[in-house]
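Below you'll find the structures, each written out as structure tokens.
Here subunit A shows up in two complexes: once beside subunit B, once beside subunit C.
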Partner chain A sequence: MEKKYILKIKNITKSFGGLKALDNISFNVNKKQIKALVGPNGAGKTTLFNIITRLYQPDRGSIEYDQKNLLSYMPHQLIRLGIARTFQNIQLIDALTVKENIALGLHAKIKSNPLSVVFGLNRKEEKEVFEKTERVAHFLKIESFLNKHPEQVPFGIKRLVEIGRALISQPKLLLLDEPAAGLNENETERLLNTLFRIWERGISILLIEHDMEFVANCSHSIVVMDSGKKIAEGLPSDVMNDYNVIKAYMGE
Partner chain B sequence: MRQSTATYILIFVFLTAGIFIKNPFILNMVSLSALTVITVLGLNLLLGYAGQVSLGHAGFVAMGAYISSILSIKTGLNPWLSIAIASAITTVVAAFIGYPTLKLKGHYLAMATLAIGEIIYMLANNLITLTGGHQGLTGIPMLSIGNFTFDSEKKFYFFSWAVVLLFAFVSNRIINSHYGRALKAIHEKEAAAKSFGVNVHLYKVAIFSLSAFYAAISGGLYAFYIGFISPSSFSLLKSIDYIVMAFVGGIDSIFGSIITTVILGSLPNILTSLQDFWPIVNGGLLVVAAMFMTRGLGGLIKWKRNTF
Partner chain C sequence: MNFAQGEFVMLGAMLQFYFLTLHIPIVLSFLLSSLIVGVIGYFIHAVFIRGTRNPQELALIVLTIGIAMILRGTSMLLFGKNAHAVKQFLPFDSITVFGLTFSSQYIVVFAGAIIFATLLFIYFNKTNSGKVMMASSNNPLACRLFGIDVEQVQAISFFISGMLGAIGGSIIAPISFAKYNMGLIMGLKGFSASVVGGFGNNVGAIAGGLIIGVSESLAAGYISSSYKDIVAFLIMILVLFVKPSGIFGAKDIERV
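Our next item is the complex of A and B:
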């Protein structure tokens, strides 16, 4: 029987010294679902994200992705599994143009080897890479920035370029680390719209966010974390009313 | 203009200039610069693209020079074959050295590579039965193809610049491919490079080995051209010279590196009275470039990008 979920996080625990950053966290991300991970600073969201992206190893627990044991992979292998991510603090390459930055997302799929590169046999493939880049830019409506460098581009566009770099790899699961952080109202609106259009294409999304309003507007399901524990999970409307959440956010 | 086009024009200018230059002193000087250019081009890939420093590249030049010379002197092996074998050995050794050292970052990597350069220098000085110690190796045969021997400054001049052309071509192809993009990503944002499938450590080791290969070829050709090598040609000061040439030329600019290397490589020979003070001039240039021209000479020009 085909499974409903694409990502299954089970009993993940992680301590740093005496501090328990994650305490027995479990939840699933279903296929074609936008799932949000929310919680105040220090809740352990980023630690969990870093475990999923394989930068940290958990002390205990398991993560199943697409019927594979995700914890046995290294960070650079995730993209081949169909997991692409964006970063909270933008990680675009200033020495590359927007076009080349997006093209970087295809790196793992490029077949040309060093010899074919030296003998110029990679031209056709490079051309295809940049054609795909243009299609992604068109989807995100950022074509006019393609030949600029990241430093010449507004902040909101940089976020979209990062999403473009992730999308071009045609991921099954897209991980977004605080995508709305630092965006103004218009940019947030545009991001929301973009996320829905990505979701329409059948891509599952897991996002970390501390802007509750943004999360309530865009996700199908929310996991709330506080002090390393999962304190609530469910539909946005349910979670928003949950007493524990209000407590974590507002204090007593 | 694309930087690669400008680079090929520049090399073509040097090749044509060879037809008109009669003075063997100048021909010799610019040929030697061409050999240095090969090393600096390799360093460019490592320093300018992958963003990894090496303060020990003179060591790899030395390996290329010594191993090839010893092979040809002791076993009578064909010089070309000697250079090829020496370069292959150097590349493999660099990979073995690079594997652990390239896990280091910043100052630590600089110190480790400096130590590697010093160790190779010490070996050249102290393995006297093989290397002749500080007196060096003599009687290295001349390069030849069939009956054609590279026995004049002019002949070697054209040959050395043809080799520069070959290596600049290889560099350009790498830089303008997905490998070039990955290297730049490693340079700036390792985490991003990793999450898009770049095996960061493998790439660092590969580019370190490739740049050692460039250095070894340069060293091998140097040995068979001059016919004599001694450790003083491969000291720490040489490694620093290479860094200055790459940095002042623009660490990610092949075009700038070639011009700067020829100028900085030739000036000490022209301004002979300055020769003893040259490290001061070099150091000063590095400071000026670091303060006012961080992208070097090549960074002053606005190049057209090489994408489709």
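Our next item is the complex of A and C:
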């Protein structure tokens, strides 16, 4: 039977020395869903992303992705599985242009013989990369920055370039680590709009965010984490209610 | 960061010497020594470096210094402690240009430097695999998650740096002689050149090399050739005081 979820996280635990960064975390991300992961700084959200993208090995637990055991894969194999991510601290490649940074997302899909690449003989493939990059840039409305280097573009654009690099690989699951952090009101509005257009294309999204309002506006389901533990999960409206109750209780 | 780079130069010079004693033609021994040292570089990566997943910078430095010692010791055992003379590449000894006479090998060194610097420039800036290599050292984390097998790219870069080191070594061997411990000072000077120019900056490294080389010659001419070797390190220390990122350097790369 076709499964409802694309990602199933089960009992994931991870300690750094004495610190339990993740304590028995379990939840699913359903297909074509925008799921949000919220919680204060240090809750373990990024650590969970790092485990999903195989940069860290969990102490315990399992992750199923698209009927596969995700923990048996290496980081460089993920893009081919259809998982792409962005980073909380932007990770663009300064030595490359924005265009080349986006095209990097296609690297895994291109399997050409090294000689043809070295001598630039494979014009057809080059054209394909070029067209796809243009299309993604158009989708994100960042065409005018394509030939610049990352350090020459505004912060908000850098975030979009990272999203572009992820999108060009045509992922099934997109992981966004605090995409709204550091954005102004306009840029946030634009990001929300972009997020929905990505979702309309049938891509499942797992999104880290610490701003509850933002999350309530854009997600279908929320997981709340604190100090490595999952403290709530559910529809935005329900979780928001609980959240307000907790806040009231804490006297904030 | 590879502190065994100077030893690749030494190995190139040594193999060039060795193949010539076997009466192998000069071009062939040049190709053979660069290829062999390239393969040695690849295996050093495979055996010592690939195993250390996500190594710290400091660990890599200590590791490559250790590898350098092994290579130096092995070379001493195989080829002895003497400096070996190596035949020049061109069939004539010296050449006179504008009344200045110099050894013909200087032409080879000069042409070689230009040719290989150009090739490297084209490789890193115009070819896909060169860009991938640059990207992988610039941001291994992002590259890894976008499908690049960064370890494999690193292995290839060790092959290339072994090969390039050996090319340099066999070209300068007729001038400098081949000696088991020549790599130490070569490596340190290469390091100084890249620090002076700005770490991770190719054009900067070349400029740094030129600055250091010219200053050395001036020091040798005006002061004394015995102070020549100090110049490189003096310049490096000076640059580190004034502009720690090097003359052409950008800001430091931040952490994840």
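Heads up, the rule we're going with is that the second predicted complex is superposed on the first by the 239 of 252 C-alpha atoms of A that agree within 3 Å, B and C clash if a C-alpha of one lies under 4 Å from a C-alpha of the other, contacts with A are read in each partner's own complex, and residues count from 1 in each chain.
Simple rule for what comes next: contacts are C-beta pairs under 8 Å (C-beta built on N, C-alpha and C of every residue); 3 or more make two chains touch, one makes a residue touch a chain.
All values derive from a computational prediction rather than experimental measurement.
Enquirer: Check subunit A with both subunit B and subunit C modelled on it and let me know: fit or clash.
Expert: clash
Enquirer: Give the label of whichever partner, subunit B or subunit C, reaches more residues of subunit A.
Expert: Counting contacted residues of subunit A, the larger count belongs to B.
Enquirer: Mind working out whether A:127 is in touch with subunit B, subunit C, both or neither, as first, second, both or neither?
Expert: Touch partner of A:127: subunit B, not subunit C.
Enquirer: Contacts for A:68 in the overlay, against subunit B (first) and subunit C (second): which applies, first, second, both or neither?
Expert: Neither partner.
Enquirer: Quick one: classify A:197 as touching subunit B (first), subunit C (second), both or neither.
Expert: Once the two structures are laid over each other on A, A:197 reaches no partner at all.
Enquirer: Figure out whether A:169 sits in contact with subunit B (first) or subunit C (second), or with both, or with neither.
Expert: both
Enquirer: Quick check for you: in the superposed arrangement, does A:3 touch first (subunit B), second (subunit C), both or neither?
Expert: Neither subunit B nor subunit C is touched by A:3.
Enquirer: Overlap the subunit B and subunit C contact sets on subunit A and report the shared residues.
Expert: 53, 55, 75-80, 84-85, 87, 91-96, 100, 104-105, 107-109, 114, 117-118, 120, 165, 169
Enquirer: What part of subunit A is in contact with subunit B in the complex they form?
Expert: Result: residues 53, 55, 75-80, 84-85, 87, 91-97, 99-100, 103-110, 112, 114, 117-120, 122, 126-127, 129-131, 147, 165, 169 of subunit A touch subunit B.
Enquirer: For a test of understanding, state which residues of subunit C touch subunit A in their complex under the given definition.
Expert: Within the complex, subunit C contacts subunit A at residues 123, 126-129, 131-132, 134-135, 138-139, 141-150, 250, 253-256.
Enquirer: Please name which positions on subunit B make contact with subunit A in the complex.
Expert: Its residues touching subunit A are 170, 173-174, 177-179, 181-182, 184-185, 187-189, 191-200, 252, 305, 307-308.
Enquirer: Residue numbers of subunit A touching subunit C in their complex, please.
Expert: Those residues of subunit A that touch subunit C are 53, 55, 75-80, 84-85, 87, 89, 91-96, 100, 104-105, 107-109, 114, 117-118, 120, 165, 169.
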